[in-house]
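One structure is given here, and the rest of the page talks about it.
Think of it as A, B, C and D in the order they're written, each chain with its own count starting at 1.
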Amino acid sequence: MAPLKVGIIGVGRIGRCHCASVASVPTKATVSMICDIYQPALDEVSAIFHVPKTTNDPIELINDPDVEAVVICSPTDQHAGQIMAAAKAGKMIFCEKPISLSLEIIDEVAAVVKEAGVMCFVAFQRRFDANFMRLKEAVTGGEVGDVHMMHIVSRDPSPPPVNYIKASGGLHNDMAVHDFDMARFLAGSEVAEVYCKGSCKVDPAIGEAGDIDTSLAMLTFENGVVATVDNSRKATYGYDQRVEVFGSKGMIQSNNKHANTCVVSNDESVSTCKAMAFFMDRYADAYRNEMVAFVDCAHEGKATPVGVEDGRAAYLIGKAAKQSMETGLPVKVADMS
Amino acid sequence: MAPLKVGIIGVGRIGRCHCASVASVPTKATVSMICDIYQPALDEVSAIFHVPKTTNDPIELINDPDVEAVVICSPTDQHAGQIMAAAKAGKMIFCEKPISLSLEIIDEVAAVVKEAGVMCFVAFQRRFDANFMRLKEAVTGGEVGDVHMMHIVSRDPSPPPVNYIKASGGLHNDMAVHDFDMARFLAGSEVAEVYCKGSCKVDPAIGEAGDIDTSLAMLTFENGVVATVDNSRKATYGYDQRVEVFGSKGMIQSNNKHANTCVVSNDESVSTCKAMAFFMDRYADAYRNEMVAFVDCAHEGKATPVGVEDGRAAYLIGKAAKQSMETGLPVKVADMS
Amino acid sequence: MAPLKVGIIGVGRIGRCHCASVASVPTKATVSMICDIYQPALDEVSAIFHVPKTTNDPIELINDPDVEAVVICSPTDQHAGQIMAAAKAGKMIFCEKPISLSLEIIDEVAAVVKEAGVMCFVAFQRRFDANFMRLKEAVTGGEVGDVHMMHIVSRDPSPPPVNYIKASGGLHNDMAVHDFDMARFLAGSEVAEVYCKGSCKVDPAIGEAGDIDTSLAMLTFENGVVATVDNSRKATYGYDQRVEVFGSKGMIQSNNKHANTCVVSNDESVSTCKAMAFFMDRYADAYRNEMVAFVDCAHEGKATPVGVEDGRAAYLIGKAAKQSMETGLPVKVADMS
Amino acid sequence: MAPLKVGIIGVGRIGRCHCASVASVPTKATVSMICDIYQPALDEVSAIFHVPKTTNDPIELINDPDVEAVVICSPTDQHAGQIMAAAKAGKMIFCEKPISLSLEIIDEVAAVVKEAGVMCFVAFQRRFDANFMRLKEAVTGGEVGDVHMMHIVSRDPSPPPVNYIKASGGLHNDMAVHDFDMARFLAGSEVAEVYCKGSCKVDPAIGEAGDIDTSLAMLTFENGVVATVDNSRKATYGYDQRVEVFGSKGMIQSNNKHANTCVVSNDESVSTCKAMAFFMDRYADAYRNEMVAFVDCAHEGKATPVGVEDGRAAYLIGKAAKQSMETGLPVKVADMS
């Protein structure tokens, strides 16, 4: 089978990462076209990866006959439109999260994608991380028995710029959404109810921008599993991403990743280095696995393992978390749509 | 200074443990009298520890002039009465938790103790465990900065007999009360609100007895700290007692204790033994430290580090947890008394 | 059966430790008599532990009819004489290592003990430590398969006073002897050959006293197992006592013990506290287990698990190590006696 | 600066790995030509990596004007000849170890390279692994103080085919050579003397092929540091590559790498997965770092960090180890050349 012809919209940091992932499986896929409004980036990336076609116009890329699959790495507010355009053009789609910050638009996207009958892969890369895949395997394989409780810790090394936060849709939409997806991924059930406490403890500027930087949510699933999601915009010791699943037969926990395994013992302590501090280092393998999974699905005409409905479900949990935080009461996810 | 003369009421498992702790500091204290309604236990323990006086009557022990401090290890329903009798007799008191399963009685005990002006040490032994003392030191010493979130996991290796459970006052009163005390101990603030989900996942017989075996509570403190308390009556891998405190400067976590530090690597895995499986092994040092702390306070006429008001506060959190679980709503602790 | 009547010669630090161990199993043994030339120590210890008889004369203790077993905690140069006196008096014997710094005397002791037909327990307490017992169990139980290689690390937190070192018989006799015993204990075979490099790297004063403070020995066993023994008088991070056994089915490693299990994560590192720094804390359980094992053997008339021949064997390995270090050549243990 | 034009001789497993590493830094280097006698491999690799020129003749590649640097991944017996040809052609050289199994030839290669004045990078990839780089940094930066002792464990998951072993030059030359290089790298001193015990414990077929599968060597450095190197052809639990450096200020240890950080706790144990089992997974980052280091040196005209003299030095230690094993005596490295 010929390599899948992939067009990438947006070749900033994450777009380049996806370029490299495609380039790492040359027998399966090739980057046939890239798009960016910033010409120097377009020139640089096309030279590095030998990309034959470039454009400043996303629609041109979407409709190009040399593009079979569209990878959308544009700014968030362009995601929905580009997904729908690509769906209407009959192209397979890979889209960075979030689909949109509006439920109405997400629903419209879902309808268009369904109507078009195309695969739309939503980029929750953590599902493709070795730790979380192992957790999923353990849960699915019954290693922990019936799941009783789960704990998800997800803390960033440091907050993004306040300008980013202002446009992010808020901590629950921008950051916790990964954890809400992880919770659904692991529990194998839908979240029925959310109770959440949020506050601004890291930086007052985040509060002034209308957001929070610290959140503790408790999720109750339809199947009775209860889970906590702990988020902070600042963990001094690096990217802190841990999950614990407890069940009738035992427990599985995933721990952080470190740049090396060395242990130093001296007259003060026994210590290792901090956790990895940059998400693209921490999830480098996950990003590559994710793109390879997309390419494999596209190649084999398989359904995506994570689609628009998953993006929608995580969005609704975030919305419920926000409302719970504001009202001080538990909120049913079913009331959010 | 002459060794403190200690009288112990109840020489079952925990009473003998306290006998041994007193005997381990012979320059500071001596067991001068013991009481039990079961004569063979009384005979055996008095022989082993060379205890000069014995009785079947707690009141006789309390009033004996050779008893300066009363250690109460009797069944729960006798605690309150014996505390009050000892207080009225002007004796120093050490009492196993809980003081009572009734708030009214707890308040009465508190009033009597206050009126008598005697020290009353309530036995939350975990405060005297090396791990939790280190956590407290780290929090107090500012090592984690301002505390933002805490997680307490407290799971037993296996449930007690259903008959025990029926008389226990329920999981929140019997088991989680230790964790609610730990939360207060570490946060340095009072719990304002509790939200809790409880269920019976381990053994239906526990549910039939009117209790739960699995509980996940979220606590909001007056100072804004939020915490989770995760309880299960059954962790297949042993006694699971972990705490994580996260703050502006970092995090401190205490992990489980194991019988040895050996690691076996073979063609299946890299593994250690399970966590310790019996609470009296797990907390052997804590029990001894606790009794030594009591003896030291008694010797030096100091205030107890953990008193009736601490027992009362943990009780109220448990009551709020139960009500939240029943109503599905967050409950203010202030509304509980 | 009546409790074993134990007489203890020498109630300094280690003698008191053994007193407390005996006192902790009152149904099995009792300290019936103690001996020390320092009267205040004798008075204090007899008061604390309610010891009915005291003396300044070891021979009086050995021959007292109320002493069934003699525990020898006197200075090293008195060990051999007291063992022989106790053996001739038909008493069971527990003796701190070393038996003697002279092979001739060790052989004489062995002959007298054999002639008397009494049990003589030589105090290699590490054999009774939970970690090393687990290692032994794994090796004996075939968990690691056929043993191929072993590594023993044994480093003290800081060197003893130079005056102690001068009388110690040297690092190999005083310190490494424990590790040579551990090697034999685990390998289940005798050491055939030793190659050793020693030097003075920690403190020149130790070199001036004619001793070394750093030693790396390689042992070849009769069964083909090879092992290393790494000793240092100074590990800044605490008492470092680790063993690794590697074999055809896998590996077992024992790690250090720490005062608590807490992990601190901050902007510099992820760290735990140093290893325990005092050997009597590190081996507190081992010392108690050892004495209980002795009492049990005495009670049941069983052979000691570690006797004069074990002390002799470890001594010979030390002697070979020293000779190898001095000659720069491998030395056969068989040539040492 | 234009990307470095790299020619690769041999595009089997390791050659392809180096192709991919070069391709991952397209701004710095490009694969301009590849050589292999197996045409299908040549075709496949040139297609995947868009390599413009191919040949079956190494000399043609070496002399091609579009090749600035030669990467030698051919069979071992061709290394020396190709290095010398490339040196004479004035090309920069990267060569897989070993240079040769003959000291005479290694010396000839060294002379030719020196005469030509070209850079020759010898591929000890472990120097470029994150763990070992951190160890080196700690030693160089004085974190452990003066180095006293080192332990290197290096065990493969399973032995290579006996046919491979027959042509390998033996365990010391083929496998331990990496560890002898690591020892020199870390100690910052040359090995003066070697004492070694080797045996065949894993597979008798290895012994019949004239080799050993288990080796324990003790190295004494000129600066007084002593080290052990523990090698086995079979560790059931995966690729076991650990180093411990102990010194006056403390210790640094590097541990194994695992595919994920998950910990499973159940009614049997607390366990993680085995160590990584394939050296190209274990050292994937090291191989890439190594090639990038070579490209950077070539680009900047810098001296190689690891050259022919390093290959020679490690070879001599291996030769001494073998002789010690055969004679049962310590061997001076200076006597090997």
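Just so we're on the same page, a residue touches a chain if its C-beta (ideal position, glycine included) is under 8 Å from a C-beta of that chain, and two chains touch if they have at least 3 such contacts.
As the structure is a prediction and not an experimental result, all values here were calculated from the model.
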Farthest chain relative to chain C (centres taken as mean CA coordinates): A
Between A-D and B-D, the pair with more C-beta contacts: A-D
Chain C and chain D: spacing of chain centres that average the CA atoms, whole Å: 43
Rounded Å distance, chain B centre to chain D centre (Cα mean): 58
Separation of chain A from chain D, taking each centre as the mean of its C-alpha atoms, in whole Å: 39
Set of chain B residues in contact with two or more other chains: 235-237, 240, 249-251, 264-267, 273
Contacting residues of chain B [partner chain A, same complex]: 146, 148-149, 151, 155, 195, 197, 199, 201-202, 214, 216, 218, 220, 224, 226, 228, 230, 232, 234-237, 240, 246, 248-251, 328-330
Complex contact set, residues of chain A against chain D: 20, 23-24, 26-27, 47-50, 130-131, 133-135, 138, 143-144, 249-257, 259-267, 273
Complex contact set, residues of chain A against chain C: 235-237, 240, 258, 264-275
